[in-house]
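There's a structure below that I have some questions on.
When the chains are written out, they are named A, B, C and D in that same order, and each has its own residue count from 1.
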Amino acid sequence: MTSNAFIAFQKNEETRCIVEAIVDDNPGAIVVEQPAMVKVDVPERLVIKRATVEEKMGRDFDLQELQIHLITISGHLDETDEEFTLSWQS
Amino acid sequence: MSVTSLGAYEFEPRDALARYNGKQLLYINWERHRMFSRPFVIAVAPDMPFRTVVEDHISSYSYHPDYEHIDWSKVIWQNSEEVFTPDFDKSLADNGIGHKDLIRFTTPGLDGLNGTGY
Amino acid sequence: MQLDLRTIAIKPLRQTYGHIARRLGADKPASRYIEATMDLQPVENFHYRPTWEPQYDIFDPRHTKIVMKDWYALKDPRQFFYGGWTLARARMQDAVEADFSLVEEMSLAAAYPDEGKKLVRDVILPLRHVAWGSNINNSYVGAYGYGIAISQAATYASMDQLGIAQYITRIAMAFDDLEALPVAKAAWLEEPAWQELRRYVEDLMVEKDWFEVLVAQNYVLEGLLYPLIYDRLNGKLNALHGPVISMLTRFQGEWQVENAKWLDAVLKAAAADNRDNVATLAGWIKTWRDRAVTALKPIAEKAFGEDATAALDEVVQQLERRAAKAGVAL
Amino acid sequence: MDMKVAKKLGLKERYALMTRDLAWDTTYQPMDKVFPQVSYEGIKIHDWNKWEDPFRLTMDAYWKYQAEKERKLYAILDAFNQNNGHLTVTDGRYINVLKLFLGSTSPLELMAARGFTNMGRQMVGAGPRVACLMQAVDEYRHFQTQIHSISNYNKFYNGLDEFAHQQSRMWYLSDGKSFFDDAITAGPFEFMVAIGFAFEYVLTNILFVPFISGAAYNGDMAAMTVGFSAQSDEARHMTLGLECIKFILEQDPDNLPIVQRWIDKWTWRGTRKLGSVGMMMDYMLPKRIMSFKEAWEMYFEQNGAALFNDLARYGITVPKCFAQTVAEKEHVTHQSWIGFYMKPDSTNFHTWVPEPEELDWLSEKYPNTFDKYYRPTFEHWAKTQKAGKRFNNKTAPMNCQVCLNTMKYNEPDDPMKTCFRSTKYKGEKYHFCSDPCLEIFENEPEKYVQAYISSHQVLQGNCAPEGVDTTAPDFNPAEHVAAYWRLDPNATGDFDGSQDQANFAAWRDQATKN
């Protein structure tokens, strides 16, 4: 069974862009909408790329801004200036 | 096993018999009647007759429709896992019931509402 | 469900929580600080003793010699609950950030004279380790302090000190002088001039009386060190080379004033409770003042040369005046 | 952050300079005296520098982002309060969720704040110290924002006003209190595994995500805002817990059996603690988004499988209790609601029999168990309540010596039979609700013999308000318990006929009528 890495955000304009960026960068991403929140599952490895988010937002974006919108995550985290990655080894 | 600690770690149990002023704790449960959620606890004197437990305390189960159908002569009594036959006129102590013992009684044929165990 | 509610006036059944109303002596609205602070720490019916200190309860007033009839008398005049604290720090941080940016945009650091830079390297950069030590010692107060009034304030102070250590680190970054950091650390660890200060901070790391740690670290050491550096040394550097260092240490400058207000209030409340507290506090302040003066003397000499004694005397008197005002005559 | 110089350094290098480079090994005082708590548990750490920092937030960034969250949160709270937002919730029953939440969860946030402050003091490495301290202040945040958001409800509804007094006294709050008392009295590594890993990583999603989503669904903007805002910190906390486990396991192979025992213990203790959360989801939210069972499957079984598959490389296996929790997910919420419904005089929140369509929802969500075991009881209660004989079990509960829950769980293989386990220690008998609780006791009996069991304390005469002579010959302990708890009679009993019900209806009527 493959393990899903996931991330969930509060629903708002900013996270709409972030989720779009995740969907673009992660083939196989599954978006689940729930009241006031949105959850994205990706098998094994989920990556958020700063460049893609910036493109969606049309402004500079610091990946640490994710802090403001996060609800939960699953997977090992690795964060650099460019990428925020969640992954499982199975 | 035992606890690992920095320094001696040994305390008097919070529910030691000595804390009950001559009484002892007794738990009671009516099996397969879980509408009452859990057993109840009382503090009673060890010389209290077993009959008093039944008449004064087990009667708190009377809300249940099964209660009036209990045939007391058929009841199976347990002290925790061990089945025993209480002498109603003898004291708890004489019936072998000590501090923090759990009396469970089963009423054959009565299995709660619609046989649900509740 | 989308409900369209008319604005109506409903008479509340009560104004605040029961424990707050009892404390205020009346059922009236309470500030967010009061509601988030007073009488909230459990004081009774703990299940287990700590395996790390079985002789104590989980929260135990016996971790200090100070005795209080009411531990919530140790209130914070800044009224810092988490939200108040974070917002205050974020406002300071905005100003600091603007200053750091300005220093960078105007290339002020590059243009800063070597003489000034040397003082920054020799005196200010090693202080990031003092701040780190203070972060540790304040976390002890936050962990062992009795009542939320003191424990939250100490925990916020601990984070403030981490912030200060990081702001000092950023000075080296602003000067594009990262090599200065290991040099400053080596000085902290080995240079004789810093050793009494390091011993002071390390000794507090094994002191068990949390109130004494609070007094020795925050009231005495920082009460002397901050005015010495962020008032007097900055004043000297401003006069010689312009306000660049004041800009880069703006946080510490503002922070010390506000923090002293908190500590003065805590000292005053403890002293007001009983005479034994006054004697205990006075004893601590005297002991640690003397040690702090010894420890800071070589640092003051680096900073002020022959004016060191005068500078140190001034800040000692300033501290003693604060103590006297709080009801602790030395 | 905004500084361009910082861009020259990567996030990792910059963060290292800002944290671990500040630390040094003390020499005027020996390190083992400075950090006295890290060795007695038997965990071996050879190199604290191997700690990988998960989130790399420096204080400037921390203050910036946290302030932004706080500004938003309090603005929404103010608006919610000014507009009588409490009247927008689905129905008056909903507010009882907040009563249970404020009593059972908020005080634990404070314990977490104090516990993580101590971790921030005791951990030797700078990386974990800083992460723990950040979590400590976050926990103050959660505790305080919860109190602030519920403060407005407290002005209008009963049962919220004495949470601070009740946290250490009320019978049904001892499970949560014992959970945290247990963790905070353990050594630092066990605390980290207990709270950082087992609770925050494995279980906290169950507490917050579906519950808060549920609050949103029920129109409670205040709870939703506070909850999600808190949850945004939680991702950091979860990551800390996971890093901590990896760090400990990578340091020495001897750490594995100790850590495994803690994972087994704390996953179970957390599961027991969360039973009441599941009950909120299944019984107390007037509009439901998912059942507890579904949430358990999504956040514990699936996510837990991913986690434990991953940790298998260190030799970690799924918690021993895993199968039992999976079996119990079909039962625990019903057993909990039954346990509270039957004690109307002893809770500061109201209970009720679910409406017929709510019973249908439960039948649909719990096809294996609800009709077979639980539905007839609720239908019976509805009937007797209508006849004016609402069930009221006036007896005092028997509790598990370890988890402090009442003994309400079933034998794993027989839902009709109450589960009992017992043992003797130093001549005294102890009772447990389950095999895992028995095992936890047997590992550390010296600890659990100290447990504060409310009903026993009452019988010892320790639960009377000040001024009552507990030695008087006619002293009746049970008589004073409600006063000892400061239990407002208006807060007790069935929702049907309560002051809350009447007020909510009248106010809502007033606000919606033109």
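Operating definition for what follows: a residue touches a chain if its C-beta (ideal position, glycine included) is under 8 Å from a C-beta of that chain, and two chains touch if they have at least 3 such contacts.
Since this is a predicted model, take the numbers as computed values, not measurements.
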Which chain's mean C-alpha position is nearest the mean C-alpha position of the whole protein set? D
If you tally the C-beta contacts for C-D and for A-D, which one comes out higher? C-D
If you average the Cα atoms of chain C and of chain D to get two centres, how far apart are those centres in Å? 33
Take the average of all CA coordinates in chain A, do the same for chain D, and state the distance between these two points in whole angstrom. 27
Note: chain B sits from chain A at a C-alpha centroid distance in Å of 55
Per the C-alpha centroid definition, the whole-Å distance linking chain A and chain C comes out as 38
Multi-chain contact residues (two or more partners), chain B: 3-6, 9, 11
Residue ranges of chain C touching at least 2 other chains are 49, 51-52
Touching two or more other chains - residues of chain A: none
One finds touching chains in the pairs A-D, B-C, B-D, C-D
Partner chain B, residues of chain C touching it in the complex: 49, 51-55
Residues of chain D that touch chain C when the two form their complex: 1-6, 9, 17-18, 21-24, 26-29, 33-34, 36-37, 40, 58-60, 62-64, 66-68, 70-71, 73-74, 83-84, 87-88, 90, 107, 110-111, 113-114, 117-118, 120-121, 126, 129-130, 133-134, 136-137, 140-141, 143-145, 147-148, 151, 154-158, 160-165, 167-169, 174, 177-178, 181-182, 184-188, 219, 404, 447-448, 450-452, 457, 486, 503, 507, 510-512, 514
List the residues on chain D that touch chain B in their complex, please. 36-37, 40-42, 187, 335, 338-339, 342, 372-374, 376-377, 380, 389, 391, 393-398, 406-408, 410, 415-418, 420, 422, 426, 428-431, 442-447, 449-453, 455-456, 459-461
Across the complex, what residues on chain A touch chain D? 1, 3-6, 8, 10, 34-37, 62, 64-65, 67-77, 79-81, 88-90
What residues of chain D sit close enough to touch chain A in their complex? 1, 7, 10-12, 54-57, 61, 65, 68-69, 205, 208-209, 212-214, 216-217, 224, 228, 231-232, 234-236, 238-239, 242, 246, 289, 302-303, 305-307, 309-310, 313
